[in-house]
Structures are given as structure tokens and as C-alpha cells.
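The structure appears below as C-alpha cells.
Naming follows writing order (A, B, C and D), and every chain is counted from residue 1.
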Amino acid sequence: MSITVLYFASLRDAAGVASETLPLPDSLPALYESLRARHGFALARDRLRVAMDGEFVAWDTPPREGAEVAFIPPVSGG
Amino acid sequence: MKRFALSDAAFDVAPLRQRLLSPRAGAFASFEGWVRDHHGGRGVLGLRYEAYAALAEAEGERILAEAVQRFDIVDAACLHRTGELAIGELAVWVGASAAHRGPAFDACRWIIDEVKSRVPIWKHERYAGGDAEWLHPS
Amino acid sequence: MKRFALSDAAFDVAPLRQRLLSPRAGAFASFEGWVRDHHGGRGVLGLRYEAYAALAEAEGERILAEAVQRFDIVDAACLHRTGELAIGELAVWVGASAAHRGPAFDACRWIIDEVKSRVPIWKHERYAGGDAEWLHPS
Amino acid sequence: MSITVLYFASLRDAAGVASETLPLPDSLPALYESLRARHGFALARDRLRVAMDGEFVAWDTPPREGAEVAFIPPVSGG
């Protein structure tokens, strides 16, 4: 029962890895808060969007076994 | 045919424009973002774009499909660079063709605004002072 | 350097765009008018543009100089075809470079609007029915 | 004491010539009205602008000896 978390931009720099596999969490907010505490992410959760398996999802979407989860910091393309 | 794409190498705008030519179109508006030598008063030496590719491509396609619905245009396309870019390099290209110029301009501007606010691409700038940072605009 | 020109032959947009590249510019907006296969519900076979060249060039330069004053842009240029054009051919090109995209879009749109309303160039359209006419919009 | 008049677009088609040399007229409006009557121009004077020697001028500008005068019908470039 695990998920994969992808890190991008400042989150990847802070985590020091591009991805990691973690036990299936209770919720996406709980997952972000625990990772934020562990890696020292500067960005508060309300500044991020979250995606699961390559699609944006609501923060209250239940984490799926085996899913690829990505926290999306404010974007700066263009 | 895909309307949005990422490119990890420099690209030529001519074939992108060519694809939007149409006998029905009397107007074509395009936008290009180039790497500027300054940002917020600081000298910029270069930058790197990183994308969450799968999601960026899906979200980019959604934006272009929405543009075709929302504006009276013939077609539209967008290409965004990833990787290391030097000053003056092309970072993003948007084009829209339409019967008339109003919708061509409006669609082109709407697309670049949406791409900048919604597509998961991040800019890492290197400054003249030696420091560097990820841009996460609030 | 002249910013406005007439051309009696087909032209390539790449060198026009190239001239507006600048390390200070982060944004480039361009507009192209292409010959459309229809107008006001009638099929169009082709057209001819005639200019009062001396006055068109002077008035075109005035418009481009005004644009550089009026908008926060780095530079701008415009080229307009004269003579016989087939469907799909490029009739007019406008480009504007700026630090930011807002002024680049605004200047580009303002220039094409002014060119269409002020520069002494006239369009003679040939229709599918065999007739032809000069366009003198009111 | 003469001027040259240039014709463009529908005015040239109606006049059948691209230019003609005429005696110096009293005024630009009088010149246009006489030419309109002679050539059957469809466009009323208030739809035209007028240029002298390659510059737009006001309709009440006095015609200059030797000048090149052009009546500018509504334009349709772009």
C-alpha cells in the first residue's frame, strides 16, 4: 500500500530528490503537511495545487493505492 | 492533431505558423516570449524551465481546446520550451488564425495568459550576482 | 531605420521579426493579414492593393513613430503588400517587441487598426461571380 | 499656372487616367466638385481626404502653383 510523490522546482530542491515512494497516506493535505515538516518546504499548502496520475484533483480526493501524486507550486512558465 | 507541445530544444517558428495558414483565415496573431536580460531590477544571465510534462501537455491541450470553443477562430497552437535557455532565446510561442483580427488577437492573448497561470512549468532564473531562484509568483 | 515599408512582391516574415529581437524584450506580438477566400458572404478569387506610395510611406512611418511614443515598447515595424495577391497570400505584417506582453499586444493591435484607417492603400477584390470592386468602407 | 491631380482606386477607374494637369483652381473643394461633375465620381467630397505634395492637408488649404494634388477615397488596406 504505497504511493509515489513527484517533486518539482523549489520542492525538488528542498526534498533533494525528484520523487519518493511513501506509504499510502490518509489524505492529500495530511501527506503535504508531513512532507512539508520533513523537507522544510517554504510554500504553505494553500498556495499549491495537487495532481494525481497526471490530472489536477481536489485536495479532498482520497489518495489511491499506487497513485503518482504531485504537489504543484505556483507556476511560472511563459 | 495536438495543439500544445513542449520542446526541450530550440525550435523554429515558421512551421508552427505554416500549420495555421488557411484560406478561411484573414488574420493571424502570434505571441512570443523571449528570455529577457532583466527581471525585477536584477540582471538575468539565463534560465531553466522545468515542466511536469504529462500534466503540462494535458493542461496545455485543454487551454487550446477551450480557446477554439471560446473565440471565433480557425485554429490555434502553442509551444513551450523546457531546459536551459540563454538571453534572447524563444521560451514560448502562441499563434491563432481567424477570419477577423479581433478574435485572433483576443484568443492569442487569452492563451498566453492561461498558459502562464495554469500549465505546470517553472522558471529557474540565474542572476548577475551569482544567485539563482525558482519563481513561484503569488 | 525605417519602420514602415511597402512591398510589391511577396516577402518573408523571418527577417522582419529578426530585426525586432532585443535582449531588453521579453515579449513579441505580431499580426498578419492574409487574403481570405470570402468577404461579406461572397467568394473572393483574388485581390489587388494599390497605394499612393509617397503618402502611404510617410503616414505609415508616422503611425509607427506614434506607437513607439504611446506604448511601452522596444520597437515596432510594419510591411504592407501592393499589387496582385492570391488567396492565402500575406497582405500585411505588424510586429512589436516590449519588455512585457501587455504593451506588445496593445501596440500591435493599435498599429494595424491605424494602418487600416489612415494609410492610403486600397483593395480591389475580384469575386467568384466575375465582378470586381474597389473597397471604400464608410 | 497649373497643378497635377492624381487619381487612385475608384477615382482612377472613373477618370480613366492616373493623373492629369489642370489650371490652378480657386480652392481644393471647387476642384473636386468640378472633377466629380466631369468624371462622375460616386464619392461625395465629405468622404474624402485631400493631400498636396505628398502630405495630407486641410480642405481649405490654398492650392499651390505646380502642386501635386491627390483626393484620397476611404482606404481599405490591411
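What to note about this one:
Assume a residue touches a chain if its C-beta (ideal position, glycine included) is under 8 Å from a C-beta of that chain, and two chains touch if they have at least 3 such contacts.
The chain list, named the UniProt way, goes like this: A, D = Molybdopterin synthase sulfur carrier subunit; B, C = Molybdopterin synthase catalytic subunit.
If you're wondering where the values come from, they're calculated on a predicted model, not measured in any experiment.
Steps from chain B to chain D, minimised over paths through touching chains, total 2.
Distance between chain A and chain D, defined via averaged C-alpha coordinates, is recorded as 73 Å. Between chain A and chain B, the centres computed from C-alpha atoms are 26 Å apart. Centre-to-centre spacing of chain A and chain C amounts to 49 Å, using the average Cα coordinate of each chain. In chain D, no residue touches at least two other chains.
Counting partners per residue, chain C has 33, 112 as the residues that reach two or more other chains.
Chain pairs that touch one another are A-B, B-C, C-D. Residues 13-14, 17, 21-38, 87-88, 97, 99, 101, 104-105, 108-109, 112 of chain C are the ones that touch chain B when the two sit in their complex.
Against chain B, the residues of chain A that register as touching in their complex are 6, 8-10, 13, 43, 47, 51, 54-56, 70, 72-78.
On the side of chain C, the complex with chain D involves touching residues 33, 49-52, 54-56, 58-59, 80, 91-92, 112, 115-124, 134-138.
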